[in-house]
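Look for chain A in each of the two complexes below; its partner is chain B in the first and chain C in the second.
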Partner chain A sequence: MFEYEFMTNAFAAAGIVAVVSGVVGYFLVMRGQTFAGHALSHIGFAGATGAGLIGLAPLWGLVGFTLAAGIVMGLLSERISNRDVAIGVVLSLALGFGLLFMHYYTSFATQAAALLFGNVLAVDHTMIATLAALGAVTLAALAAIMRPLIFASLQPELAEAKGVPLRFISTAFLAIVALAVSACAQIVGVLMVFTLMVGPAAAAQRLTKGLWSGLTLSAMLALAEAWLGIVIAYHTDWPVSFCIAALSAMVYFGALAMPRARPVHLHSHSH
Partner chain B sequence: MQAFPTLLIASIVALGAVASAQAQAQKEPAKIAVVAAQNFYGDIARRIGGEHVNVISIMSNPDQDPHLFEATPSQVRDVADAQIVIHNGGHYDEWMEKLLKAAPRPKRVVINAAKIVNAKHGGNPHLWYAPATMPAVARSIAAAFSQADSAHAADYTQRLGETLADLDRVSKRVAEMRAKHAGKPVAATEPVFGLMADALGLTMRNQSFQRALMNETEPSARDIAAFESDLKTGKVKALIYNKQVSEKLADRLLSIARASKVPVVAVTETQPAGVTFHDWMLGELDALDKALTGPNS
Partner chain C sequence: MSPVVELDHATLQIGGRAVLKDVSFAIQPGEFIGVLGPNGAGKTTLMRAILGLLPPAAGRVTVFGRSPQRGDASIGYLPQLRTVLPDLRVRGLDYIASSLHGERWGLPSIAAADRKAIEATLDDIGARDLAARALSDMSGGERQRLLLAQALMGEPKLLLLDEPLISLDARHQEVVIDVIKKVCRERKITVLFSAHELNQLLGAIDRVLYLGNGQAELGTVDEVVTAPVLSRLFGTEIEVLRAGGHIFVLSRGRDVERDAHNHDHDHGHHGHAH
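The block that comes next holds the complex of A and B.
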């Protein structure tokens, strides 16, 4: 299996993306913002088709569009009482643009379908370097806002009283999610970003008590699912994204069957 | 929950053992390993290479929508192992360009039809429907085979000659039909036949509609209206449609065409099983010839 360079490339790319997704996804689940993550991945699709239209690489359209949408969502979320409605409107607008961009394609738009399901078997060295850089920026930004983010997520009222800038933290976090989603979509596709960003994080949250042990388990689960998914795909010839998605769902349902480690659910940040 | 991971690992190991046993069984000496992205290129390669080559065509099912394609792990493995890779190029199969980069191999020969015929960037990607494409690709394939396996160069040259003779029948038929039908207006649901229509000198209408359908977006309301009125008023002499792509809108246009007594000609994007490339082309040309010589034209 490792005699093939495309397989070692796949393991490297999936490894980078899985760790970033597991870590960022953990905060996403903790803050109860999974719908925002879902929306950002679909918004990225519009960005990617738009990039194709002006001759840019789809990845940069994905990054640009999700980043802009993440910031808009973050800014709106503190102002509008119903956060999900704002996200839904931004999401459908972006999907509409995606269709418009494809309408103006004068040549063949095969890249679009590849983006929907990802293709980890077609990763080259340039893509690995790009993903590594994207992952490093994402994790560094997360580390920079980690302390106030945890405080604002767990005890928003107290954090606000102590002068933590809630809207800035929330906006910065969604921008970080946007970067993680862009990387994740390269591997499992925009339709299945949840498999690496939400599945492992939700399972980890269920199985652990502490923040750090939860973060670690989330990253490890994502990594194990991604790599094992590739191994299974290699031997069964099923699509990689399916294998990762199936593992992610199995681990999550397995975790649900286990006794809950945490007496009180950490989900907070209600409006 | 405890038993499950063990079971999973056990099944993976078992599958691995089966896969490596298969790999060993397949090892035969000294055939040139060839992968063709599409089966029409694979067909030509098989004809020229005969028993000296082992050709795998990735897209070979004419019932599959070629626009929604994702390579499986074993297909990527075939590409990684191939000494010669033949593909259409020119944005038609960007997945193959990605796979070639993801699975590099020293001294692999890549035959890119778009590069060989110098296809216009952003032009119609269905190059195999241009009568000049296949003879040029066939020559490149024969040259690559002779280089990889000089011992059988004479065989390759001889079979190239036979292949070119067959392809010449297609070109002759095109020239004959052009003399008869040039300038006649036709419509198509998709641009797949476009380059052949150009070679026949036909006037292709409703092109922006075709692009939208190929890229799975919505054609504009104006495009649909123009198309329907072309059919209803008999402005077009035939409607060509891609049998391989099922689309509600295309189906609707087909029924309008039938109701308006506009002859309908079915073409496929991928070569059907059991026919050679030139027979496939000649069959479609015959059907079109018949449609254009009908009572309505």
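The block that comes next holds the complex of A and C.
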């Protein structure tokens, strides 16, 4: 399997993206903003097809559009980003624009399926280098704001009182999510970023109680699902994104079914 | 001794609406103040002003003799539980740790000294076991005690407790009040404790700050909880009955505190903000 360059490329690209998605996704789940992440990827679809229309690489259209949308959602946070309906309307509109751009640039249509559902087996060295750079920037930015981000996510009222700039944090975080979504969409496509960004993170949060153990498990699960998905696809000839999605769903529902580490205490006077 | 919190003809506005109008009072060091009043009377707004999150539209608010400063380490704050994170499996210790130096940039970390301080504070309020428990497994009473421990971190001189009794049953309410009273007496902490019902607080508070109708009245229970004062604050005719060590505040025969409490109870369950 590793004698083929497209396979080693696929493992490298999926590895980078899985770790970034697992880590960023952990905070997305913690903040209850998974739907916002989903929306960002759809908005990215319009960016990617739009970029194709004006002769740019789809990835940069994806990055540009998701980043802009992430920042706008962050700035409007209280009014927009937690309103499912508003987000839903905007993401449908974005998909519609994506369709319109494709309509005017018909030769691009062959790439549409790759954008929507991913095509990890077509990744080249340039793309790997780009994904590595994108991933490094994303993780570095996340590391810079991680402490106040956790505080603001767990206890916004108190964080505000203690001087955490809530709006800046939420905007910076959605910009980080936008970068991670752009990278993730290269592997599993814009329609399926949930499989790497939300599934592993949500499973990890069910199974761990500590921050670092949760982050590590989330990244490891995403990595295992991505790599195993490629292996299964190689042997079965099924689409890679399907294999990753199936593994992600299995792990998530498996984690839901696991008994919790401790029984639920109903009263505080048990001692 | 100079007052810990002083409002001097202060007006506090939210979105152009004056919640408190031309209000003046002074809270002395070490006092345990029960903050009461109907919904929307300005209990949370007052606390936000003391925290420096809401500058007065007119008049002056002073805390420890100066303008309130956001992030003042000498104020401990227990916000009303609005953020509902039911499925979050984060340990009690990590939850509190996230609030220590949570405003600094970079990666989170927990120093050995911080860990010890958190455990010592949890010990003080008899909740050591919460350090290792997941937030999602805690009852409402346990969460409130965890938040109380958090508010006590860093040896605050002033404690702002916004509805710490909400969604607790009567027995847990008593436990929380007793713990707060004991710890704050020992450490000479000034307390503002907002609640819907006066009766549970009667044994704990030194004075009561009653808010309503844009006004505020600070004094002993006997001075403030009277028909004339409360009628003014509620903007309707109020009767005050005392029986068996309890005080009932009635409007047209209905218990206004109990009504308000039940009303808010519903909101709490649905996770709404006010």
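List of remarks:
To be clear about the criterion, the second predicted complex is superposed on the first by the 250 of 271 C-alpha atoms of A that agree within 3 Å, B and C clash if a C-alpha of one lies under 4 Å from a C-alpha of the other, contacts with A are read in each partner's own complex, and residues count from 1 in each chain.
Basically, a residue touches a chain if its C-beta (ideal position, glycine included) is under 8 Å from a C-beta of that chain, and two chains touch if they have at least 3 such contacts.
Since we're looking at a predicted model, the values are computed, not measured.
In the superposed pair of complexes, A:L158 makes contact with chain C only, with no contact to chain B. Of the two partner chains placed around the shared chain by superposition, chain C is the only one that A:M146 touches, whereas chain B remains out of contact.
Judged by the touch definition given at the top, the superposed model places A:N9 against chain B, while chain C stays out of reach.
Once the two complexes are laid over each other on the shared chain, residue contacts for A:D124 go to chain B alone; chain C is not touched.
Only residues 4-6, 9-10, 99, 102-103, 105-114, 117, 119, 121-124, 228, 231-240, 250, 254, 257-258 of chain A touch chain B when the two sit together in their complex. By the touch rule above, chain B contacts chain A in their complex via residues 1, 4, 8, 12, 15-16, 19, 67-74, 76-77, 80, 91-95, 98-99, 101-104, 122-123, 125, 211-212, 214-218, 220. Residues 30, 32, 143-148, 150-152, 154-164, 205-206, 208-211, 214, 260-262, 264-271 of chain A are the ones that touch chain C when the two sit in their complex. Those residues of chain C that touch chain A in the complex are listed here as 48, 51, 53, 70-71, 75, 77, 79-80, 82-83, 85, 87-91, 94-95, 98-99, 101-108, 127, 129, 133-134, 137-139, 141-142, 145, 150, 172, 175.
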